């Protein structure tokens, strides 16, 4: 019962069809909506309690005091803000879960490659609302 | 040389170059002068044309292979990746050439050059624009087949020189496979010669009938001696005169030829000597840089040589139905400059790429055999098949089974209608 | 809403039957308890763990060693042989023994159950427990240039710089 | 005939991950093979002892790229048993659905790699194209294609919403039809049959003796499947039967894996129809009472064991991970004897080795005969200077 060239019909059926591969840098597939990309911090809600830093499995979050380029009037009492080192971050969304005020949120931005490690240090874009 | 409108059109178009044109015309009028032959060897059907054609053939093969697998294949270099083979070769030429301490450096350096020249010489025999290649003498079919065994020799020597354990295993496998597949290759290449022999030994009146249909046979056309049958030029010419490509007459030997050819060029079902997953790269493990570039180019050339030989022997070489527009009968078969060039080459390319498509398709279809299955396949299946095919042809022609003459006339009538 | 999971403790009578068999054969040198269905822990003195496993192989036709686990409990090593009986009622006996840390020696069970040699080599590699007359007790996991006598899985060995 | 020792070394095109199989060869016949592992060794068990249970989940997820969900399922199951808590049914169902989806894409990945090992690249391209369908479904549910971090102690983190169910069901239909096509193809394609039948034979009694697990042992006729013997998560309610094959060779393993894929498709569709309606998670306290547990799960490659011993604090005292590939190595050594060189890659690949699973004990970075180990931030600083110096 072995039939030589058993795959021939499948090959010919696929020959005229458009290839399955996508040219990543030029064409981009839309990311799934549940994708866990870079974090986003809502400054107004954050109280600087640091539970996210404690819960982060890879110790990527570090609490630093309020940098001056942030709007001063929103400064919270503790004066602390989480800084995420994306080199260490696992994107596991544990910080978002354990934050009491749910001030952190995961965006869908996944292209985070940089040349210099320093640039990986501080990538938390802030929201003011 | 019959009156040739070509030159006068040129003079009319470019009156200001009239002096150079007349000199050129004088040079090209000479039949068989040095410049003409040099041009043939170096440029047109010679080295330049063939190497670029082989690069294009590799690109074409990779594209078909990819498209059959529902993916895109080389894309970013040049239009749709057409320069990819060239880019590979240039990259390899720039790469550092590492020589193993244990290997004999000099002989390892000589082997790729030997392989390269061998494959170029082999390609000289293939008829591209007219029924005879650049080098064509009586009995050149045997010489071509002998050169392909020499090519197998270079493969074995490189693996042996590189004294690498994977190389050793690869060489042993290459030796077994190439020798085992030499016999079916030669047998299936001889079947067209047998057909030509029977065609000419047929009683004269059939020839005369044929002559009336096609006009005069070329002067050297009546090959009665053994060596004249075995020339590629006569085989292509006979296919041109009969009007039927030999694939219709002997399809089995075409199949056997293609399979044996894939074993010679080490295409996927038979690429056991350089099986990537088992023994890294087999006999090519220790070659790098310039040597690898030469080897890749020579393997492409051999791929093209295989396809070219298949077209010449089975698909009628440069012959094609649109062959005889505006050509005198004598020129038609001898391939006069320039019209013969154009049509002959076009038909040659069409057929070569058809054969490459078949091989690429077969490449996609099969998994790689084990070395014992490859060798068993040759001795148990392919060689008996080739013998059987020759047997059938002999009996059919000799005993005049089912009225060979009548079938012959019928075939002729169909050919005439095309 | 954490109601007890009914299935976990269904009919324990199968396990009880096996436990009874074991206790009848070995009397009080064997301490058996059953935390849940299809699990059975057997505490044994270091000497006679071979006898228990031998007995299990003959009576219960048990051939499959799932793994051998070494636990560093401060001053003693605890070795657990996780076995798997899939003839008849499929259950998971685990034979546990304790050996002092100073001279960590114990007989091997490779001659009884051949599939245990990879696991014993691994435990030897990382905890330093010597399995006597083991056919080839070479190194399995750690790289060749790993310093002799240093066993990473012991509690006292801390990889530097782990914050 | 003098035997030649050929190392199919750590770096080899056939092996996607670093192991070393040294085979002794007489001409083409393999006389003896020895497997040497330990090149991809990361010290997961030692690291587990230094982290809390919550952080351990993400660590154990990184043990293996393809079967990440199996490791977290086994670990969370074990901890839930220690806590003696009961996970809501819907959470269990979703956990089982993601387990089966992972089995599908893991088997399909292996099927492509096996095709590549025997030189049949077309099979690789086609099977990996069909695998994309499963990865898209997983991305839809959990946001990630591979490390989905769906499991947490006490249930699952993301819910399967109403509108996902139809797409999931349709995906399963097309995938089942593709699996049936591949099964028919593999049993008919002469070249594939020649390279897989009668190769790497592991007779039933040897499979039992050497303690093989998973599809390798089921292909030798032993019906040993954790999901049937010791049902965890929602496997006790889902109707399925264990697929075995009795020809004990590489072809049997191909067939068993494809049959399992078809089984998984049916299971997922059944579970989607009977998805219970209660919440998916349970908040559990972080301290785990004293105790020990042995939790088992049927990973795509075989029977996976987590032996967890807790000492009352929120960090485990000992986590022993015994992965299926480690159990299959002795049977690979047995199968290598007497085969051809050409068969070595397909035999090694036939147990679907996941080498990153096998080596998970301690990581040592021995640099320029300085025998002691560098810690991670020294390594990081070295990385930064290295790049600065090399500003090419």
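Structure notes:
Order of writing sets the labels: A, B, C and D. Residues in every chain begin at 1.
Just so it is clear, a contact is a pair of C-beta atoms (placed from the backbone, for glycine too) under 8 Å apart; a residue touches a chain by one contact, two chains touch by 3 or more.
Everything numeric here is computed off the predicted structure, so don't read it as measured data.
When every chain is reduced to the mean of its CA atoms, the largest separation from chain D belongs to B.
When the C-beta pairs in contact are tallied for C-D and for A-D, the bigger tally goes to C-D. Between chain B and chain C, the centres computed from C-alpha atoms are 69 Å apart. Computed from the mean C-alpha positions, the centre of chain A lies at a distance of 43 Å from the centre of chain C.
Per-chain CA centroids place chain C at a distance of 24 Å from chain D.
Distance between chain A and chain D, defined via averaged C-alpha coordinates, is recorded as 26 Å. Multi-chain contact residues, meaning those touching two or more other chains, occur in chain B at positions 68-71, 364-366. Listed for chain A are residues 7, 11, 20, each touching two or more other chains. In chain D, the residues that touch at least two other chains are 122-123, 126, 129, 189. Across the assembly, chains come into contact as A-B, A-D, B-D, C-D.
Of all the residues in chain A, the ones that touch chain B in their complex are 5, 7-8, 11, 14-15, 17, 19-21, 23. Remark: chain B residues 68-71, 165-166, 168-169, 172, 268-269, 271-272, 275-280, 364-373 touch chain D in the complex.
Only residues 66-72, 75, 361, 364-366 of chain B touch chain A when the two sit together in their complex. Contact residues on chain D toward chain B in their complex (touch as defined above): 4, 6, 12-14, 25, 27-28, 115-123, 125-126, 129, 189, 191-192, 194-195, 340-345.
Taken together, the chain C residues at the contact with chain D in this complex read 1-5, 7-8, 35-36, 38-39, 41, 63-67, 69, 71-72, 80, 82, 84, 86, 90, 92, 94, 113-119, 122, 125-126, 139-143, 145-147, 152-153, 159-162.
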